[in-house]
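In the two assemblies presented below, subunit A is common to both, partnered first by subunit B and then by subunit C.
The block that comes next holds the complex of A and B.
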């Protein structure tokens, strides 16, 4: 469509100069249009399943089973939501929040000093490479491969079905990733700035707290949100370590909505919608911080 | 305020020796410039004084205290970095106030001292801005302010002027020198720019490959270089070098090279016979110490192949059989390209070819 418009304008223009310009502008617009179309397609592609889950949670049974599928519920109802709250989904949300938040915080408490040491102390390069490499190996290991041995270890220790066990495991599994990413972030901050703080009379710890951490805060926050999303979504380890409502995190709770005999898609969808919500919030916050992180560097002039 | 004494300082990074057996005394209130090419160990030396590096061997004293094992914050030394290393997330005010904050200075006093320093440096208008919104010169002053405000016993400057433009640099180096005089604080100033060194220093320590080549006042360094490295490094139009050997001709010692025969004074000839028995030595002469006549008479004739007018003076580029000499002449020189000049060498130095040391 834009193509015909472009040639149309070019043919109607009398002077040669504006023709060239018009053609140029149109080419530019075409490229822009192409980018926009692709972006909309990508957004459509990712958002439709989410929309589908959300909409399914308020559909009547008839709408749910209708063929061809209905994109707008004809008879919206909140039955599924009532059911899901009756099944104490909020307790699962609470469990997930506690586990994901604490695991994220503890992971950062371990990873920040580790990454700092790996970049700032003059350790032999080989030593750093081996330690960080080994840690990376843990991160690369598929969780299912470690889940069974971890479960055996956990049951020997008698710590299955405890929230703190999940917190410990998530911390361990994510620390390598966090150290790896933080290392890159720390390396971007010139050593000078920290040394200046030392010269100004600060302790090393003070220099990190007052100078380094504020400087990398946007990155730190982004990493924290990523870790939180990892923890929030974690399923495989939880599957092995969750036995009761006391520890049941949201991904396991959603699966638990699928009974053997009668499957209520509405209830599963409602649970799914609840699970997506914090991730969405996190993603939007993350986006704002990523943008801020970029401009922050520019404004600082460093 | 205190003197800084460096005794036998040696610093290795792995197998690389950055500083080798350095002895240096910086007197109280002096401005000493560590001068040398990049990688000569001058910055490492300064960082050892700052406490950012630990010496491998040797001792560093500030005043009467041996500071080897003290943390930077325990040394009361201020450092201005080449990159300024300002805190980008603070305003200029907070940047300057930071050292005072760490010392728990009362709020009003802190406010007053920061404003005083800002006024002294002419950056009062920048105080509310983050350094990223200040010009290079302003950032430089903020960094200076941060160093000055807490009145340290020693200032260390690590090439503080190398990131600002040439015009401002000329202005700032006078400014720093004036500040140092006013405050009377001992300063160690690191630079690779010999003009900066010459203009600012009470004493210059020329370094090369981790060792101290010469310590002296700017005029000592310029007029009596200890070896051919110092001679080569100092001087904005570099010294001319004529390789050759000493010979006796008719009872008179001469420096004979492929191009020239230059008579050597009796006193210097005696010293040379003693210090350099082989006689092989290079003659070094500053561009302003070569005089010439254009009437075609006299020895040591050579051809001018290029004029370099510098406005205030002209440099004559003279060539003879593959040897290039630079000679200083007045701006309104009568010499033209391809003129033949007869050269006389008024003051010169002889450097032993084996050791590079000056013969005197």
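The block that comes next holds the complex of A and C.
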């Protein structure tokens, strides 16, 4: 992280090409132009589907039917939004919120001690290696591979179509990933301060609470956000375990709204906009931490 | 284990905790429970190990039982598997998944590497903002990504046909024909997954020490040579990780297909995940679908073992 930061600030002053710069002032500008233009194109490519969905949700029927399609709505309407709220999308949002939040919290409660033990305790190397290796492997597994056995187990126990089932499943689905990423975070915090506290007679728990947790809190918070987004987006398990409005999460609700042929795209666009909104907020407020989390903790622990 | 006998209540595990550990002891299990501290450590790890049991080991064992029995629960040995080898729908799905991997993985790596180099270059202004924008697709739900692109591909509502029409070409009905649907889905996947490659490779580029470039510039190396001989070797491990992750992500896709084509036209866009879902949930043949799960698991395990080896074994032996 510190490295990223350093290179980030250094980039504002065009410094490190002494040879090329002195010789070709023009080439420098051309290069910069090229980089910036391509980046703007990439940003356009990234954002345009989202923009398109957002404006499709407020286009009037006439605008929707217009050929060629209009890049800016001429006559914005909120009809689609009214419809989507009439179709009780707020219940889906509520379900998603409850399931994602609780699953995130429980997942961290399970994963933080494990990551602590794996990095801070004197466990045999081989044991830690096997555990962490397994976690990495599991974090890669396609959820659909576990979906059938879990679905059959759920049917036997009669717990299909319950919110708590989704919470349990989302928790276990993400624990391996959380341990893996948290491990990297813990390894980045030097042990000296903690050790000093222990030398001064603090208990292990006291050292964790007073020293380690405040230090890792920002990362912990961002990992929580990341897990929340994973849960918020989860689709495959929900596909098997959601049967009714009682448990229907947002992704399943969106799937249900997709029209196969007609022009009626406003409603599903509105639903999609609702689903993407928290993601956009997270992307811009927590960028630095999300990068760490999404790189799978690969970039940390150096 | 000598470390066990040091006075310090915590071992000196800094950022390099793993490398500073002595070689693995002989009797791991006896070692594990000899010390109070270790017992606490094991106790802290056990809950997350239990989640592994629930999400992985139980499903795998159950899967094997499912494969060996018929839909009525009778023992049929390997009949499900041999049926799978003759199932042309399954062949189609497997080939579609692999074909998609072959197209999507290099595209994602190219796009990701290009963007990573651009954002990492000194000309890229405020990197934080570029990164925020470029990683957004990673955090968009599969089904929402598919839905967005379904609108984009829509013959009249969508944006994709606009440049074609402007050039005087016929608009293409992307999702209605097998080959264009394949291209369309690959594009969605590249949109969705290339930010992962970007992010990993960008992180890799940040680990390249800057001063080696200055040294190379003094020695008169061209930028291209500097890239080829210094940057690439440095980011090679990260490149391998990105390749594996992108492959795994692209083969497990299901939301994109559910949102865009629903496997159609015909069965042209069935991939492995969609096949498993269709067989188990729509056609209610979970036992037979489990045989396909086995194939998918094997694919992921091979990729996953490589992943763990690169990430974990190489890292800890460094």
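In the analysis below, the second predicted complex is superposed on the first by the 254 of 302 C-alpha atoms of A that agree within 3 Å, B and C clash if a C-alpha of one lies under 4 Å from a C-alpha of the other, contacts with A are read in each partner's own complex, and residues count from 1 in each chain.
What we mean here is this: a contact is a pair of C-beta atoms (placed from the backbone, for glycine too) under 8 Å apart; a residue touches a chain by one contact, two chains touch by 3 or more.
These numbers were taken from a predicted model, which means no experiment stands behind them.
Enquirer: More residues of subunit A in touch with subunit C or with subunit B?
Expert: Higher number of touched subunit A residues: C.
Enquirer: Per the contact definition in the header, classify A:211: touching subunit B only (first), subunit C only (second), both, or neither.
Expert: first
Enquirer: Which holds for A:190: it touches subunit B only (first), subunit C only (second), both, or neither?
Expert: both
Enquirer: Once the shared chain is lined up, is A:133 touching subunit B (first), subunit C (second), both, or neither of them?
Expert: second
Enquirer: Considering only touches as defined above, state whether A:36 meets subunit B (first), subunit C (second), both or neither.
Expert: Once the two structures are laid over each other on A, A:36 reaches subunit C alone.
Enquirer: With the two complexes superposed on chain A, say which partner A:164 touches: subunit B (first), subunit C (second), both, or neither.
Expert: In the superposition, A:164 contacts neither subunit B nor subunit C.
Enquirer: In the superposed arrangement, which partner chain does A:85 touch: subunit B (first), subunit C (second), both, or neither?
Expert: Neither partner.
Enquirer: Just checking: does A:200 make contact with subunit B only, subunit C only, both, or neither of them? Give me first, second, both or neither.
Expert: In the superposed model, A:200 contacts subunit B only, not subunit C.
Enquirer: Name the residues of subunit A shared by its contacts with subunit B and its contacts with subunit C.
Expert: 190, 195, 198, 298-299, 301-302
Enquirer: Would you mind writing out the residues of subunit B in touch with subunit A in their complex?
Expert: Contacts found on subunit B: 50-52, 71-73, 77-79, 81-83, 85-89, 98-99, 102-103, 130-133, 139, 146, 150.
Enquirer: Any idea which subunit A residues touch subunit C in the complex?
Expert: 3-4, 7-8, 10-12, 14-20, 31-32, 35-36, 38-39, 42-43, 45-50, 52-53, 56, 64-65, 67-69, 110-111, 113-114, 116-129, 131-138, 140-153, 169, 171-173, 175-176, 179, 187-188, 190-191, 194-195, 198, 204, 229, 232-236, 239-240, 250-251, 254-255, 258, 260, 263, 265, 268-269, 272, 275-276, 279-280, 282-284, 287-288, 290-291, 294-296, 298-299, 301-302
Enquirer: Quick check: in the complex, which residue numbers of subunit A touch subunit B?
Expert: 190, 192-193, 195-203, 206, 211, 214-215, 298-302
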